[in-house]
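The two complexes that follow have chain A in common; it is paired with chain B in the first and with chain C in the second.
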Partner chain A sequence: MNKTILKALIGLIVLAALLAVPRYVDSPYALHMMILLFLSVSQGQSWNILGGYAGQHSVGHAAYFGVGAYTTMMLMHAKQVVPWVGVWAGMAAVVVVALIIGSICFRLRGPYFVLASIAVAEIMRLSAINLTTLTNGAEGILATEIPAFKIGETVVTEFLTKVPFYYIGLFLALLTIAVTYWVQHSKLGYYFQAIREDQDAAHSLGIHIAVYKNIGLVISAVLTSLAGSFYGIYVGFVDPPTVLGLDVSVQIMLICIIGGMGTLWGPVLGSLILVPLSEALRSNMITDLLVKIGLVSVDSKVGVFLKENLAHAHVLLYGILVVLVILFMPDGLMGFVKKLAARRHREAV
Partner chain B sequence: MAILEIKNVSKFFGGLAANSNVSFSVEEGTIMGLIGPNGAGKTTLFNCITGYYPPSKGEVLFDGRRMNGLQPDKVCKLGMVRTWQKVRPLAKLSVVDNVMVGALARTSSLKTAREMAMEQLKVVRMEHRADFLAGGLPIGERKKLEVARALATQPKLLLLDEVMGGLNPAESEEIIGLILDIKKHGLTQMVIEHDMKAIMRISDRIVVLTSGEKLTEGTPQEVVSNQDVIDAYLGESHA
Partner chain C sequence: MAVFLQSLISGVLIGGVYALIGIGLTLIFGVMRVVNFGHGDIMMVGMYLTYLLFTLMGVDPFVSVLISFPLMFLFGGFLQKVFINRVLNAVAQNQILLTIGLGLIMSNTVMLIFTSDYKILTTSYSSSTIQAGGGVSISTPLLISFLITAAITAALGWFLMKTDTGQAIRATAQDRDAAQLMGINVSRMSVIAFGLGAALAGTAGALISPTYYIFPQVGGTFTLKAFVITVLGGMGSVVGATLGGILIGVTESMSAVYISSGWKDVVVFVLFLLVLLFKPSGLMGKSRT
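Let's look at the complex of A and B:
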């Protein structure tokens, strides 16, 4: 069968299955995991456009995630603005922030850009802590009541179950994948990659470096802000460390680093690994598994030790995994898969 | 008509004059050779012409237009493009994608850019390499890729920085053929080269730089018989 038709067919089947999930799955926990997965895909994919394609490794994407989340939440909390409207304000705010950051940080290259991007995100976090009249400071904003979206008297959306979040999350993930696909297959993608591979050569070939870096940043930041708004509304709570902290930035990057930077499916793959893994580590599933297969008994010293400590060590295990991937698969999982495919191809020839 | 005029260009790095008071002009459709010992300021001059450095003094006129202070991307759009002494392939892109990046300076359509790129790959006889990763090419082909990518931006003036450096005689011969082919199509070129035999064959005129200053300028014959050039650069055997 034709390869493109096969790919399209698989895509359609997966899409149909994803659309059907809420009809057949009632478990809020399962839906919650899927929503986290979609969120992760959209975060990773957004970062991928700037970090993976254009090679500008921002470690400050929490700034865009947090500003999007905060703007939507502040409007909802203080003025009862419907999230459908609030996200646009979030995106507008993020464009302003991104252009300011871009005009300053893109004068720097390589590690200096990375440091500047961290600094900017930290400034955002500290501002959120200290601008208490706007952001409620370190206490954060709690807004679990989402105003229903009405046109006239008809209620268009209410957010009473997880199902609408599921579909919005799915849409967001698909949107970011579509945008990445579009970038990859346009002049932008070529220019981004040229800048990533060799900035001076790119400059000599007629590419206005600052303009294209800023275009990449704005696309990336706007998508990240959408993910941020979605997160804020879904969880119903934002505070500086959870949406503006350095670990948010690192988390966003890791999705791409593990999955494969500058590839269309890398962030999807990365999310498929990281989301279940971090959930399994957090909820102590590993100890349960070890107990179940009879390697350790619950009452033994080891069992008790693991039960008490493994959940707390999830960040450590997570770190070890990252180190292993970077050591053995420097191009991420997609790079690894491609390399295997190329090897098989060579052997076949 | 002179397509490029360099008027009293100087470039200082701190107290060091990498170029001082260099003036010459390049006629349309010709090949200008630029030679000089290491550190004579040849590449610095290229950088001043193509916008990587602003000249400290003097001016660069291209097509009658003052180029001082224009950025490299603008210089490229106006029709002047350079290759790099130390080749700069976009390593993780395929050969044809590399050349497409050049072609995209003139079009926004990927389809047109791909056609333009394949055309240039034909010129450098690398069509069969189109889908290879640029990072995996041997040096000879990397140099040709530089030329193809630069040509794809459809320049009026092509500046080649030691495009034969590090090549074996057969590969150099191929590049010489390529440069002469490009000239036949009416494209003006300026060439930095160390290989004297090669530069003598391809150049219509030659400028000699030493310690940042222009030593002399003339046809290849005039240059090799100039006593100053012999003393400064060529040594006894060419006398």
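Let's look at the complex of A and C:
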């Protein structure tokens, strides 16, 4: 009992601290990093529900992320629809896409779902490139101004600083964590885990496998679409490779794999590792650090090479991380930590 | 009619090369039950190898197959021994993720070395054609690559059917445990199968390099196409992959002509989803799970 109270207390303190951050932190860069972190948590957590709990590893979540982002942005750009309304259209579009994919793939076993999920994401990406009248093709959609949300004459929301984005991002991250928690502790979640562990056994116990896989897919897709809409509005720009590319799908998946699939805190842990790491690469922090400790000099060939190229190397890093995690910690960091703890416990006994 | 014939012929020719990529994938899947998501990236490595041989030493892309085939075989064997072998008994998801990771490492390492610029390999015959009569012209490099593909496929067929190693590979694909009990060194067969798969993909890369743009991300599309081909032909079936490759080549060139070139890949992927919907065991195959 004490442990639960302690946990709740820690949770409340962290939440209060997170809520208070914009009051005391002015640096837009720090807020930006926090927003990226929230975005990553919500992406990872959405994937976790389908991939981690129901065991259906989608390598095409960019489809939902991108369709959400594009729908909101297209409506905002062409029809001045406020994002608060646009996100619902995005979610509706994603539900349609998800159900089409689900009804095709979930009758099959084996690698078919993975293959089909990639194919669908590619279809979406190519469509975004080719449907130029709707999506502005490869150039993407740039939205310089977000229309303010007004009821009558009173302005309800404006997006002039990073602060509202911070709170929306925080809300999104908490929402996805809450949904995951709910899934983990509900009948639905037990069904998911039964399907993940043994389809035949689950089926023989009377669980309608295809139906529950589809439910998992829709929950996961809708949440990913929310994250996509949020990303589109926050960055103010979407184009096919940045929201619909294979990299996006891999990155979403990677958050969970590194942290630990099928655990509540895995995606949070994964985000805490991945976001700072890719930011450090992107902003050349790692090169600067190597220069500072004197490992490489700025003017040497190696130094110039690193400076020019390491900024683009974050996808290479994703690749290396995937390989290392799969080979050495297939259950992710959470699994690794749990195993260590279990071993300690056994030794202590 | 001339347009139809034209696109049919070029579809069959490019389809031959697709078949080569598909056969490699299906061979790997057959022997190891591993779906190699880095297959297109292996092909991309083959393209850059050809590009290097051509620009540094002036080796003709078609002649360079003689060099790239063994090199890519060794590369594939290395990948199998160091990485894939460790996950043979892991859950399917981990195998998939591992090969995706390897693919990302390949494409991004190549990007670091060569930048992401599009490279073009221009030979004296890159844009030359042969007039076949009736207003139909055939691209010379495509025709040569098709002939080489046919020769390699025939040689592979002979190797798998007639030699001891080939029979051992087929036995491993049929039943790994039984093959092991019969004294076949299955882990050696796995290395050979992956090596062959990589060599075929690399060769396909060499063969299309005179007619295709070369860039680090080129692999992704080909990985997907290879899947479409193998699923069409039935996973694990070499004959199926050959037919699947040609079918995809024709579909692509027809839809480029009659719909638009921007949508041709979409048509292929939609076809893939339709096959999954109506005949998931493939057009040729019986389902083996």
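We take it that the second predicted complex is superposed on the first by the 335 of 349 C-alpha atoms of A that agree within 3 Å, B and C clash if a C-alpha of one lies under 4 Å from a C-alpha of the other, contacts with A are read in each partner's own complex, and residues count from 1 in each chain.
Please note the rule applied: a contact is a pair of C-beta atoms (placed from the backbone, for glycine too) under 8 Å apart; a residue touches a chain by one contact, two chains touch by 3 or more.
In this text, all values refer to a predicted model and were calculated from it rather than measured experimentally.
**Student:** In the overlay, answer first, second, both or neither for which of chain B and chain C A:H203 touches.
**Tutor:** It touches chain B, and chain C stays clear.
**Student:** Could you tell me if A:L6 is touching chain B, chain C, both of them or neither one (first, second, both, neither)?
**Tutor:** It touches nothing on chain B or chain C.
**Student:** Tell me which partner A:V322 touches in the superposition: chain B (first), chain C (second), both or neither.
**Tutor:** second
**Student:** Is A:S186 touching anything from chain B or chain C once the two structures are fitted on A? First, second, both or neither.
**Tutor:** First partner only.
**Student:** Check the contacts made with chain A and report whether chain B or chain C touches more of its residues.
**Tutor:** Per-residue touch count on chain A favours C.
**Student:** Contact-wise, after the overlay, does A:A20 reach chain B, chain C, both or neither (first, second, both, neither)?
**Tutor:** neither
**Student:** Give the list of chain A residues in touch with chain B in this complex.
**Tutor:** Of all residues in chain A, those touching chain B are 185-187, 190-191, 193-194, 197-198, 200-209, 262.
**Student:** Within the complex, which stretch of chain A touches chain C?
**Tutor:** The contact residues of chain A facing chain C are 55, 57, 59, 104-105, 107-112, 114-116, 118-120, 122-123, 126-127, 129-130, 246, 250, 253, 257, 309, 312-313, 315-316, 318-323, 326-327, 330.
**Student:** Chain A touches which residues of chain C in the complex?
**Tutor:** Residues 35, 37, 83, 86-87, 90, 92-94, 96-98, 100-105, 108-109, 111-112, 220-221, 224, 227-228, 231, 260, 262-263, 265-266, 269-270, 272-273, 276-277, 280, 289.
**Student:** Tell me, which parts of chain B touch chain A in their complex?
**Tutor:** For chain B paired with chain A, touching residues are 50, 52, 71-74, 76-77, 81-82, 84, 88-93, 97, 100-102, 104-105, 108, 110, 113, 149-150, 153.
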